[in-house]
Each structure stands twice: as structure tokens, then as C-alpha cells.
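Sending over a structure as C-alpha cells; questions will come in a sec.
Order of writing sets the chain letters: A, B, C, D, E and F. Residues in each chain are counted from 1.
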């Protein structure tokens, strides 16, 4: 299964929820441009005089029937994407070339990957032959009412505050493609809310947790600060 | 033999069928941009204190007279394509440089490679001197009636449903080169049919198995969703 | 926490001050384009006949609860930035792949990174998914009065001299983006002040410590020398 | 000696004929972009506990006085071309750096290289200082009558069939530079003839052995199929 | 300290003079694009059966309190420039990662680097954060009278000859940026003078030591030869 | 000393002559884009169980006082050019980093390098700081009369034949920059003369030894063949 959606919209949460609901162990790997096949499948490690094989997270999930969640999978290197191919068709096998072992996936093994379509401008994309192996679900930020509930609950602030934060985020998301790669995420809203709750005044908390980390562009920053001032 | 055709049109199935009909073992290698000569021919692996040679899939096929099928062969690295050269002329030999061994191919050994001409836009192509070593067969998606039969049979849905799915696919294939690298494949149709059969309503099944994995482009997605709505 | 601001404006000083105030050990790493994950986490080193593991600065800070300060973090290589990811979310863990060890961060461990937004013209930037993990504080040069106090105190010159030096710096900072990547920093002012105090006449000290190191461009140099002559 | 000419026009046959006529052993190396100096000169290989030196094909030819034929020499990597330099001037020596050995060429040793000038569009060319070391002979496809004789003889078909196949090839060679890197080679004609002789009808045999492997371009393919239809 | 100025204007001489005057040992490293951190700090070398650490030139200078002079420092690789950073701020330390040793610089240790601003066209430049760590002195060729003295003294020719050579050099330096990267240096003048003194006639000596090495451009060469003819 | 001039004009011959005249051993290294510092200075080689150091050609010349001739020096890699720097100034030393040895050059050691200014179009050039270390002599092809003498003598043909060959070469050299990187060299003329002497008729000998190796361009070839026909 492919989960598509912007950073911090709840893809990881969704996978954690499904794992809990299905009562299966969950193995999460945050992929990046240095994630190689060995990072997923395992490697030989020094232990005293000898070298022992240590299963990587994907191998462990395949052996023991866990859900393996590859976050931001388009960031991983090509050879990492390749090891998942024989796992995602009829064969359901994982070949460990370095060990000369071929693992047949545990019947409970499931593979979930996620990526952010908004990053394709960076030239990262999945190949058609990889896409064909998955079903896909699209994620969006929650609607304003639901997002305010989340921020109020997770950040432990009054709903009143949460609503204003969510409005700032909604406006920032309009700037996507016009100076911002992404708008303010739900995660950032929760962080700002927690700062406000700890006693920092709202504009400073918004600067610290939301507008200052989000951009270095003076014009965009001015626009974001305007959104904040309009609410607080 | 070269098999040319789009992803998921049945090239692999054809090879599996021929292997079964000829009663020969089949060794399939899904090539990718990290497939090297060693991945095909074999390597030395640690086993306890010593290092032992393990034949790769091509070597095993050459020794024992199997059909070796290199899927998406244009993806493999140049040195991987090179090891097949002496196998595909009069010599029919496989030199294993690292072992200092020269294998004469078993008389039953056959080599089949496939690639997708639609991917040439990515700059991947076979060299003329490689092409000259093979005969070639072109594959296309089955015509609509035959494809509907396949979808109805493999997805276990009524022919009525299968016909509509095939129409969506036919329309999506018109978008090739206009926003899509490839249209919806037969394989995706079978997956959508299986979801419909499991009780998911048709538009949701089409989104999950067909339109959502296929593209991240909003305009193309809207067009695809229109094709779905026109059928269901 | 991210600290953003120009070179030599006091980011490092701020971290040192906070570490002293919080009574925590501080581990500083000046990142550069050859800073790898191993430079941060540690490596095996030869010691006589055997190879022993030596913790890198980040690992030491994680184990013992220090503040780890990564200066100019955008310079570091991608794999170095990646090792901080699991440290900066709920997990607060540091995996040492090469050792097969997983360290849970000491409760006192804190991570502070800094970068200079003015260098983004060089194509160095943080990824959105990294930015989301941090709060951020913006630094600017101190205002002229405060900066003069600093220069007078640190350079041990009369306030009168310090004021003139600060005026030169303020003018040079107007040239940012018009021939200069950065203006004269507070650090350079302190160096010039110290030279003046040691008996070198002011224009020569300004050339030696400020205008000559700052640029090789004849036009910009002439402008800077004009600023110096206007004060001394 | 340099042999220049298109793929499949008989360069390799010519060398084999000359070797037979001169009664000298022939060592053929098909060069490719991964052919390194070690592939030509030899390397140390594991054999049980020790590592033994194994002469490469060029070294063997130099030692024992064979003809060494480097096919498609422009494909080889620069260091491979360099090892032949001291062999091709007055010195006639082959230095084996890794072994610390210097071999004086056997008096019977001869070096023949070939390349296809039609591939220069790919940026592959010999350096002037390399060219100066060789004499050169140009090869072309045989004239139509002679080529028909070859096809009839090698493909074991009636001359009538061979003549028609040769006409198709002649027309295809007009397309060189207008959509085709190379026309249909004599080798392809022989393969098509052999298929016809095995009972496949002529248009299908031409598609399988000639037009389908040669191109993926729809327009060029249509032109080639037209040439076939005009003959059969 | 940074010394800036054209090739052969006396930067190295200046450092040698200062070292002699201060009665300190001098360690000179001519940097180039393959100069790595290990070249400066040291490496493990084979000596019989064991591997011993050998201090590099920078390490030796740091330990024993010498002046270390890095000539053409912008040529060195990034990691080489990085090892000097902790040496050039308050810390004055040199970390030897590979040995796990941290050296505190000897109080007499001084670091001088030089580069040629005229080479910046080649894309080589110091980073602002590196420049900030140094004071800088600019060097120019000596004025014509002083340069004639130097040439007469070092080349052991009559002042009359030296004056004419210096005039040629002065004219050549006008061509900087118009076909020449650099004009004729003082060093070249001394070499030409020495050739004249050894009995070679002046135009031939100028060609041999000055104009022929300086350029391969026919037009520029003609201009330079004109300057020579005007003097001799 | 730098020798500049086209391929095959006699630079190597000149060095051999000077070495013979000065009664010094000569060590020649043909540089290429894979020539590294180790190729010049030496390396550790396996010999039975131990690894022994073997001096490279430059090291041998430095130790024993030979002339070292680096042919086509601009082809060598940057680190190879760097090892000659300390040999070509006052120091006359060769540091062997890998061995931890520093060799002071034998008083008789001399270094001569050559390159072909006509190849600068390929982006190969010497750095100004390298050029400054050498005197330079320019070489041209001999004038027609002298070149005819050489061809008659070395190729053992009548002067009449040699004169005609030289005329062809002179015309071909007019094509430099208009389709040819270099014209026909003296060396090629000698080879053609030798073929004529062995009984091959003149036009065929010229094609084999001169025009066919020189170019793959049909137009240029036609022009060259015209020059040949005009003489024979």
C-alpha cells in the first residue's frame, strides 16, 4: 500500500493506528538519500573476533510477520527500492544476496510505503513499474474543524486558540508553490500550541515553532507573520 | 529473444507459459539500475571462516540448461549486459572472471530478455550491437474483448464489470505521452476487479488500485476519475 | 533548536552562554562538506593490534546528557543530517549501525544546530522534513550601540574607536548581495580593535583584519576602504 | 592494424580468416565500456588459500605469439587503451604493473583492433596519438551480389530468397542517419534466412530477425515493414 | 595570516624571511587539488609487519611550534581546509581522528596561507567563514626599480639588462585578462637573466624562460615577442 | 624543460638524442589520463607473502641521476603533476608519502616534459604555476626538404618518393582546425614509405598508413585522397 500526502498530515499516525488495530508489530524506517538495501535487509557486524549477521528492519518484519512502514520511500536509493520488488508480487520473497539466503515472507507480513507528492519538484518520483505493485491512498490535512480538535487535544490548549492556529496554517498552505514547498503542518501547530500552553505568548510561540523554521525568505516570512498577527 | 512491450501486458506470463510448455526450469531476474554482472553470475560469500562461490541466477541457468529471463534488461548496468554477449553468439560461453572459470552453456539453455520501449524517453536503450544478437517479438495489451475475459477470469468478477474496467484502461492509454508514461495495465485491472469482488464499491476500488497509484498530477487524475465515473 | 543568522553574529556565544547557565557540558561540532555520520557518531580506530570503538562527539553527548551544537549544519553531508532524525522526534534514539547498538538519549541531551540563511545562494538548504523537527530562533548583528560596547570590551579599545569600527561594519553590511556575501562581522571588528590597541594605526588594522580578508574584488575593496577613510 | 566498418559486415570473420591462413592462434576480446586494463592483462585470483596470477587474454597473446583482436576497441576504458601503447611502437613491451613484470612481445604477436565509425555520434573516438600507431583498413558491406551469395550459403536458402533479403537490407541502409544508427547487417540477413528455411513465412521471419530488433521507432518500423512487403 | 598575490611575486620568500627573522622552523606545503587532510595531518605507514603513524607536515608544526605555510591553499580539497578551522580560532587544537588524538598547538605555532586572487576565474575561492579566521596582507610585484634590483642581483646580470627584462614583464602584465592568466613573474625574469649570463643571447633566453612557457596562443605570443624585440 | 609541438614531429627523438649526447640514462613515461602519482613514484607489490616497494620510473631517475621524460604530460592526472613540483624548484626533492621517504635528487637528474598545444581544444592545459617552473622549446615539423631527407632515410625509399609523401603531408597540415585535429605526421610518412618499399603500390600504402587511420570523416577523407592522387 502507498500512502501519499504532505509532511506531518498524519500518514505515520495512520499506520501506527492500523498496526495497533490489527494487533501486529510495526517496524518503521525513515528513508533518506543514503538508505541502501543493506540498511533495510541487514549486514555483517563485528562482534569480538567474528562477524555476525544482523537482520535489518525489513528482514525482521519479513521473518516475523510485522508491518514494515517505509516513510518517504522516494528518498531511498535505487537498490533499496529494488529489494522490495520480489516482496510485492506473487513471490513474496526477500533474497539476502550477501548471506545467500532466500526468505519467504511470513503470511502476516505487510508492506506500507509513503511519500510526499509535493516533493516531486525535487526530481524524486517512483518508477511506473514500482507504482504498479501497490494500491494507493491519498492523505490531506484534516478539515479545519477536525484539525482544531487535534491541536486542542494534542497541544492541550483551549479550542479557541487551536482554531486560530489552524486558520494560520490554512492560509500558509495557500502559499504552496508561491514561495513555500509546504505550508504549516498539523505537527507544527501542535508544537506551537504546546509552547503557548507553557506560558510563551502566542505570536512568539508561532514564530518559534511555525514561521521561523518554515522559511528563510523575507517576503514569505512577512506574509506568514501577517497571518499570525491577524489571529493574535 | 527480445520481448518488447508495455508494463503489465503479459511478457512475464508469456515466458512462464513457454517454460511450462517446453518443460524447462525458468530463472527470472528483475533487472534494475543496480543490477551488476555479479548479481547475474555469482559471487564469493562468507560461510563460517571460508568464502565459497555461489552461482548467480544466470550462471545456474547456463550450467543446468534452464531458460533465463532478464526482465527490464535495459535497466541493468552496462557490465551486466556485457556478460550476456559471449552467451548470445556462436560461442555460447559464460566467462566467470573472478573464479577463472569458463562455462560452456548447457544445450537447453535459452536466454530471453524484455524491455519497455515506452521508457526510452528516460534515455535507456539497447546498443545496436546488442540488438543484433537477438530476435524480437512485440507485445501489446490484448484487444478489449480478450482483456475483458482475462480480467473477468483472473479478478473473478462478472464480465459486465470487466468490460467497464477495460474501457477505463483503454481511455487511460490514450493519455500516454500526454501526462502519463503508461496507461492502466491489465495487472491493475485485475487488482481493481479483485477489490470490487471483495465488496469495495467500484469507484473506490478504481481509485485505490488504478488512478491513485498511476499519477500524482491533479489534471491527469481528474481526467482518469472522469473515465471511472463514466463507467460506474 | 535551530539558530539562524550571519557568520560571527554570536550564535556560538549564545549556545556557550546557555550551556553555562544550564550547567550542562557542551559539545561543539563545526560541520563542513566532509562531515559524515561517522564523524558525529564515532568509528573503530586502530589501537595496537585490535580495533576499538571511539564514540564521536554526538554519541558522547547523547550518552552523557550534554548539549550537542552542530555549527553550520547545512554544510554537513546528507548521511550526517540523517543520524539526527531519530534523535529529534519522540523516539530520541541514536542507532549506531556499525556497532549494532541503539542508544536511548540521556534525558539531559539537547541538540542545537545553526546555519546562515545568507549562504543559501550556494544551494545549501535544509529539507522541509528536517526543518519541521526544530523550533527556530533568528539572530541578527547587535544594534550599533550594543555592538560598540562588545567591540570596546572584547577588543579593549576606547568606546570612541569601537563606535567608528561599528559604523564601517554597518556600511559594509549594506553591500550584502551587491558584491559581498556577508558584511564585516562583530568578530572581525574585535580583531581590528585588538590590532589598533597593539599599536597598529587604525586604517592599516582595518585593512589587515577587515577589508583585505573580506574581498578580492577591486571595486568592493575601494568602497570598503572609503568607509574606513571616512572614519579614521 | 585498425579495421573500420559497420556492425556485422565481416570484420571478425576477416580476422579469423587471416589467423587461420597465417596458422596463428587468435585471441578475441569484445571490448565494452567496462573493459579495463586488468581485463586485458590479467589479475590475481583466489585459489584455495593463496592468490595466483592469471594472465588476461592480451598477456597470453603477447607471451605466446598469438594474434590479439580487440573488437569495438573504442568502447574500452581509457586505461585499457593505454596498455596497448608500449606494445604498438618500437618497444613492443607489455608492463604488468601489478606483478612488477615486463614482457617483451613474442615475435609472432600481432595486434588488430576494430571499431565502427558510425558510432562516433556517441562521442566515442580514438585519440590522434593512438591512431598514429596503426595502419587502417576500411570495411563495407559486400556488394549485393556477393552478399546474396553469403546469405544463400550461410542461411541455406535459395538464392532467390537471399536476393530479396539483401534488397531489404540495402534499402534499410539508406535510413542510416535518418532514424537508424545502422541498417540491417549481413548477420541479421543470415538469421532471417535461417528462420525462413525452418518454415516460418518470410514476412514473419523478417520481423522477428530484422525489423523488430532493429528499431523501436514506429515511423522507421513502418518504412522497414514496407521494404519487406515490397519483396515478399 | 592570509598572503594574497600573483604567482612568483615573493610570497614564499616573505614567509621564509619572517621565519628566519623570528628564528622559527618553517614547514611549507604546496597545496594542490589532491591535497587532503591526511597529507597535512599524517597517516599510518607500513614499516615491516606493523603500521606506524607518521605525522604530516601540519601536525609536526603544531606539535613543535613551527610556522606552517600552506601555499596556494585554495587548491587544497575541502577536508584539508577543514582541519585548519579548529587551529585558527580560540581553541588552537588539531584533532587527529584516525589516531583518536587531540593536539593542543604549541604556543609558537603559527599558520600562514597564501593564494592568488587572479585564479578565482577558475572557480576557486575561500569560503567567507574561512576568510573570517585570518588577517590578510596583499602582495604585488615590486615596482620596476626594485624589481630590476632583484633581477640584477639574483640573476647576476648588469642592471641595464635587468631594467629591460623588467620592462618586458611590465608590458606582459597589461595582458592579464586579455589572453594571459598572469604576466611574466619576477621568478621568470631571474631565470631569463641567468640564461643571458650563461651566454645565451637575450631574445633566445627570453623565449626559452619567459614567452614560450607562458602561452600557447599565437597572437599573445606575437605580442610578447614584440615586447622582447623592443628591448633587445 | 618543456618541449611543445605536434604528435610525431620528433620531440621524443630529440630527447633520446640529447640523452645519448650527454651520456645519461633516459627514462621515458608516456602519460595518459590514468597516469597517477603512483605510476611515476612506485608502489608496493606482492612478492610471495610479503609486499615489497618497487620504485616507479620517476623515482628511479631521481635516485640514479637519469633524464626522466614525461611524454604528453598534460594527459596525466593532477596528482601526477603534483609530485614533480618539489623536484622542479630549488628543493629538488621527491617525497614518497606511502613509504615515508624523502629523496634528494641525484645531481645528474633532469626532467623533460612534452605536450601538444594543438590538443588544448580538449580542455587539457598546464596550470600557470606549473608552467613557471620550466623553460620551454617549441618544435615544428621539419621543413619540406629536411622532412623528405628523413622519410627517404628512415623509410628507405628514393628521395623522389619521399618528396611526394612530404607534399601530401604538408597539404594535410593545412586542414588542421578544418576537420583534422592534426595533419599527417613525419612518423606516418615513414610508415607509408616503408610499405611502398615492401612492394605495396603508393596510393594503397598512403591509404593504409596515412589517410585511413587519420580520419573517419568522409569529406576530409576525400580531400586527403585527392592530395594522394595528385602525387601518385
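The definition used in the following text is that a residue touches a chain if its C-beta (ideal position, glycine included) is under 8 Å from a C-beta of that chain, and two chains touch if they have at least 3 such contacts.
None of these values were measured; they are calculated from a predicted model.
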Task: Where subunit B and subunit D overlap in contact partners, by chain label - done: none
Open item on the list: Hop distance check: subunit B to subunit F, minimum number of steps through touching chains?
Closed with: 2
TODO: Report the chain whose mean Cα position is at the greatest distance from that of subunit D.
DONE: C
- [ ] Indicate whether more than half of the residue numbers at the subunit E-subunit F interface occur in both copies; give same if so and different if not.
- [x] different
TODO: Could you tell me the distance, in whole angstrom, between the mean C-alpha positions of subunit B and subunit E?
DONE: 60
- [ ] Find the geometric centre of each of subunit D and subunit F from their Cα atoms only, then give the gap between the two centres in Å, rounded to an integer.
- [x] 30
Open item on the list: On a C-alpha centroid basis, what's the spacing between subunit A and subunit E, in Å?
Closed with: 52
Task: Residue numbers of subunit D (touch at least two other chains) - done: none
Open item on the list: Going by the touch rule set out above, what shape does the chain contact graph take here: line, ring, star, complete or other?
Closed with: ring
Open item on the list: Taking the contact definition as given, in what order do you meet the chains if you travel the ring from subunit A through subunit B?
Closed with: A, B, D, F, E, C
Open item on the list: Under the stated contact criterion, what part of subunit F meets subunit E in this complex?
Closed with: 2, 4, 37, 44, 51, 78-79, 81-82, 85-86, 97-100, 117, 120, 125, 128-129, 131-132, 134-138
Open item on the list: Considering only the defined contacts, which subunit C positions touch subunit E in the complex?
Closed with: 7-8, 30, 32-34, 39, 43, 45-47, 54, 72, 116, 119, 181-182, 185, 187-188, 191, 195, 208-209, 212-214, 216
